[in-house]
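Please go over the structures that come below.
Shared between the two complexes below is chain A, which pairs with chain B and chain C, respectively.
On to the complex of A and B.
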């Protein structure tokens, strides 16, 4: 729920134009494979419209919808971390893919979803096969229909899978068309020839909802095995892969996430059981809805401060147990913004009339310290009335 | 039973009564068989607090006997005389706040007079020194310059007052590790703050000054704030409260603003790393206790540069406390509903 100042600021975009000035549109460079370089660090860049249409306008991750509505355009700050992620993506697209997936973790409002969105946008423009889910909460929060699978104890979500395939096709149709199936793929009663491409497979899955899961699994299997076109699997709210869903089975028992076929398709990549031949699997955690953040995972990602045991007797005692921090993926922690990033943020806010006062050293440092360098907190501090 | 020998008793009266007692002249009451009661040394014997009254009159008499310069309140330094509790512990004189204020006023006046006679000046100085704060050696003497009876005879050694721990850091001082440390209180909350200046990185500051390309240079020129303005700060300080970042500990933005208000006033936001330990009270009390501690430490770090902190009144403790509940009322001021019948 937005605070009164923030909600008023955001909703002014739809206010009567006779009384309220329109949000000034700032000319920004579009973020793509060419513009994603170190020259644009600490500058705001616009997300590609084609990318936004592919994921569906209004389907923005986290709190970004509020930001874009206020700015009047989908623009994000190109940070130093973004450049590091882009460099990593570029490296993995040329060399062998890492054996472990990567998860971006950090506090609420640190910019995890924004970084993932920028990465997916750059990958899409650079010819990757992009499998991007801006939010996996609908997969587990029982807001979408589900049904027991024909075989086994899994549950299927045809609608969601179909939407995901539609997003994949719109994001990277050209890249999908470059990859042939390489073998005859049988889905239900239909068979796709070996010379067909992944684009045909995805289209088949879109037009046949009951076989969408099979199409997705075949897509992942073939795309992860080939080295012709790099693949990017980007899932936001990655913690939902290990949570208890709000679904229940026939015995009214709560379903864990791994009993959903859609989630089970991606789980091996983030548990180290499957790997991409060429590309990168990236996820971003989310602490917005703590129901879907397993306690065990939270402790592993944010372990309590542990003093090293110097006493050899205590160290060798098998009964002494310390919280485990082992996770099956690599973790990138997003810390506070730097001072220059905060400055760039405030300058952009001033250009888009989010703040009306001139940007000075005192203002930026005051907002920065109050928010402890957290972009969400800075935004809230700037837009709140009190 | 009250003693005749009160602290700072009038020596003239003492001498006269002593002479009377020593004399063996016949008394008009001898044939009556009534044993006369000794007259007390001072008129204050019959007062509620005779020791205090004697002390006050003795100090007042010093100021009255000698010409004093024009009294100026600004010349008086606070914390010059021993505390009220010290009067009670060292001199066995109990007094309330108003009486202490009156006494210190008279002490200030007595201390400001000029006494021509050197011996008298030394005597008065010695007499007043026993009430002066910070004196490590104290000889409890009366107005006549004679050591008080009943006190320990330490001979040539000087009697030392009980050494108290150095608590001057509470008002703000640099500790052994180069941190500025101070304490603050508000209601039941007590906070202790440590301030460490943040070192700026000159290399990063130079990089920020150059715009990336021509388009950005045009934008930078058009905007009110340019990248060069950001060159003044490249590293921001962090505020930790009980080991947690400020927004995590104080959820309300008003509390966060309250903690950082001294920096805002002194225009030093982000220039210091702050570590605060706070306990007791509620969230607002803790926030304002942190504010006082930070203000004191900041003022101690550089009094001239941070004079705005003092001008803003941030160095004064807010002494308001929860008013006690009174009998016959549900709360301090609230009354029960009046019922006609």
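On to the complex of A and C.
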């Protein structure tokens, strides 16, 4: 049965070498704190292998798995926006952190998850404490175990929290070891002395699943209050923090996300109720699974076109309500990519044999216009057969 | 296969689907049981610990399922027949009970209705035994 062009293209990358040429490996610079500069704008860069190992190979956000499989390597375009984000990260690691978190928003396939991944990779190599979740869908889609908490009306997810702590430890062990706890921390029956470091706290949480949530909450509290090492909290699919989950309580009532202890640990940072002393909290929305995109949030992020009310009677009428665009975080909108970026994208596709035709102005213009500058749609159009 | 309360459950299936293998448990009841015991949607039977299986057995044993339910349904139908209701008579005659037409169709009712009465009947096996009223049988 003939599958879609994209799927076939991706799978042919791993096909019989006797009949199919291997994907050529393009030599690229690795993205890290040193190479993340304006000299590499509009160039493809390789994501650090150590970073990929930390988040788990194959656990790529969004549609990136298909891309990386086709390229034969984890490579992303270093865009102008990426440089802006890196500059902001650098600024916040030196000066006071912003009061509000930042959320990267844009259409499907605009590059939100890719930007977050690049930012986390740069932060990890530059000595930040990085708390990066490449996807928060498993936190809410009832695919992982959960249990009612001992007290209150919250629910806990020990396995997921342990995995997150494991990722944190592998991404930023050195940074965690630089930060002492500063106070005696009691988790269950065990107490960690004040001279122990955050790395010990995270390791404790990993080895004691039932106390993983306590360890994570203590980690966030201590890391957000200290100014010795900057912190980056990067959560993809940030909209899940406000959605209705697929979990249900004992009375078979749908659980909202804020009744999950794991989500509750991060919610204050994105609602403006807690802030990092040094560092940055960034999220990226996702419209892949619309079950987890609350309608209210979608309207606030993408309000309908509103004509200004010029009639004073209508303007003063209290019954006339306009949709609210108030959100508790700053929004960075990713729009279409520039023509130069599209050109760099097509050149890379040509080098990795995704396309066999030479890259010309006409080809790039055609793909750019048809896809309206959306990277995902450009990728789809070069890999589809129709 | 996991054997629970007399039923073989396929342990590679998701819990909420496996529970529907019990007579008397459908998708909604299965989901409610999973919610009550905090089993996530994609939890398979093979992933359950012994403690969780014991909890599940406990919840299932509180419910009326399998043979208990069959007995209850059968007793309800027999009661309706014994007190001489219209519904009881329809069960006895093997015809639709809920006011459906019998001019055509009614195949399911003719096949299935009254099976419990025929299986458990104590009335004489004469030609019109099914049509005798409970009063006349007592007078005899």
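In this text, the second predicted complex is superposed on the first by the 383 of 386 C-alpha atoms of A that agree within 3 Å, B and C clash if a C-alpha of one lies under 4 Å from a C-alpha of the other, contacts with A are read in each partner's own complex, and residues count from 1 in each chain.
Criterion: a contact is a pair of C-beta atoms (placed from the backbone, for glycine too) under 8 Å apart; a residue touches a chain by one contact, two chains touch by 3 or more.
Not measured: the values here are computed from a predicted model.
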Task: Partner chain(s) touched by A:340 [first = chain B, second = chain C, both, neither] - done: first
Open item on the list: Between chain B and chain C, whom does A:145 touch in the aligned arrangement: first, second, both, or neither?
Closed with: second
- [ ] Please indicate which partner A:381 is in contact with in the superposed arrangement: first for chain B, second for chain C, both, or neither.
- [x] first
Open item on the list: Output check: A:252 vs chain B and chain C. Expected answer is one of first, second, both, neither. What do you get?
Closed with: second
Task: chain B versus chain C as contact partner of A:369, first or second or both or neither - done: first
Open item on the list: Once the two complexes are aligned on chain A, which partner has more residues of chain A within touching range, chain B or chain C?
Closed with: B
- [ ] Report for A:358: first if it touches chain B alone, second if chain C alone, otherwise both or neither.
- [x] first
Open item on the list: Which partner chains sit in contact with A:155 here, chain B, chain C, both or neither? Use first/second/both/neither.
Closed with: second
Task: Residue numbers on chain A that touch chain B, as the complex places them - done: 29, 39-41, 43, 336, 338-340, 342-343, 346-347, 350-351, 358-362, 364-366, 368-374, 377, 380-381, 384, 386
- [ ] Over in the complex, which chain B residues touch chain A? Could you list them?
- [x] 204, 208, 212-213, 215-216, 223-225, 227, 229-230, 232-239, 245-248, 253-254, 256-257, 260, 263-264, 267, 269-271
Open item on the list: Per the contact definition, I'd like the list of chain A residues that touch chain C in the complex.
Closed with: 141-148, 155, 246-252
Task: Residue ranges of chain C touching chain A (in the complex, touch as defined) - done: 31-32, 34-36, 38, 40-43
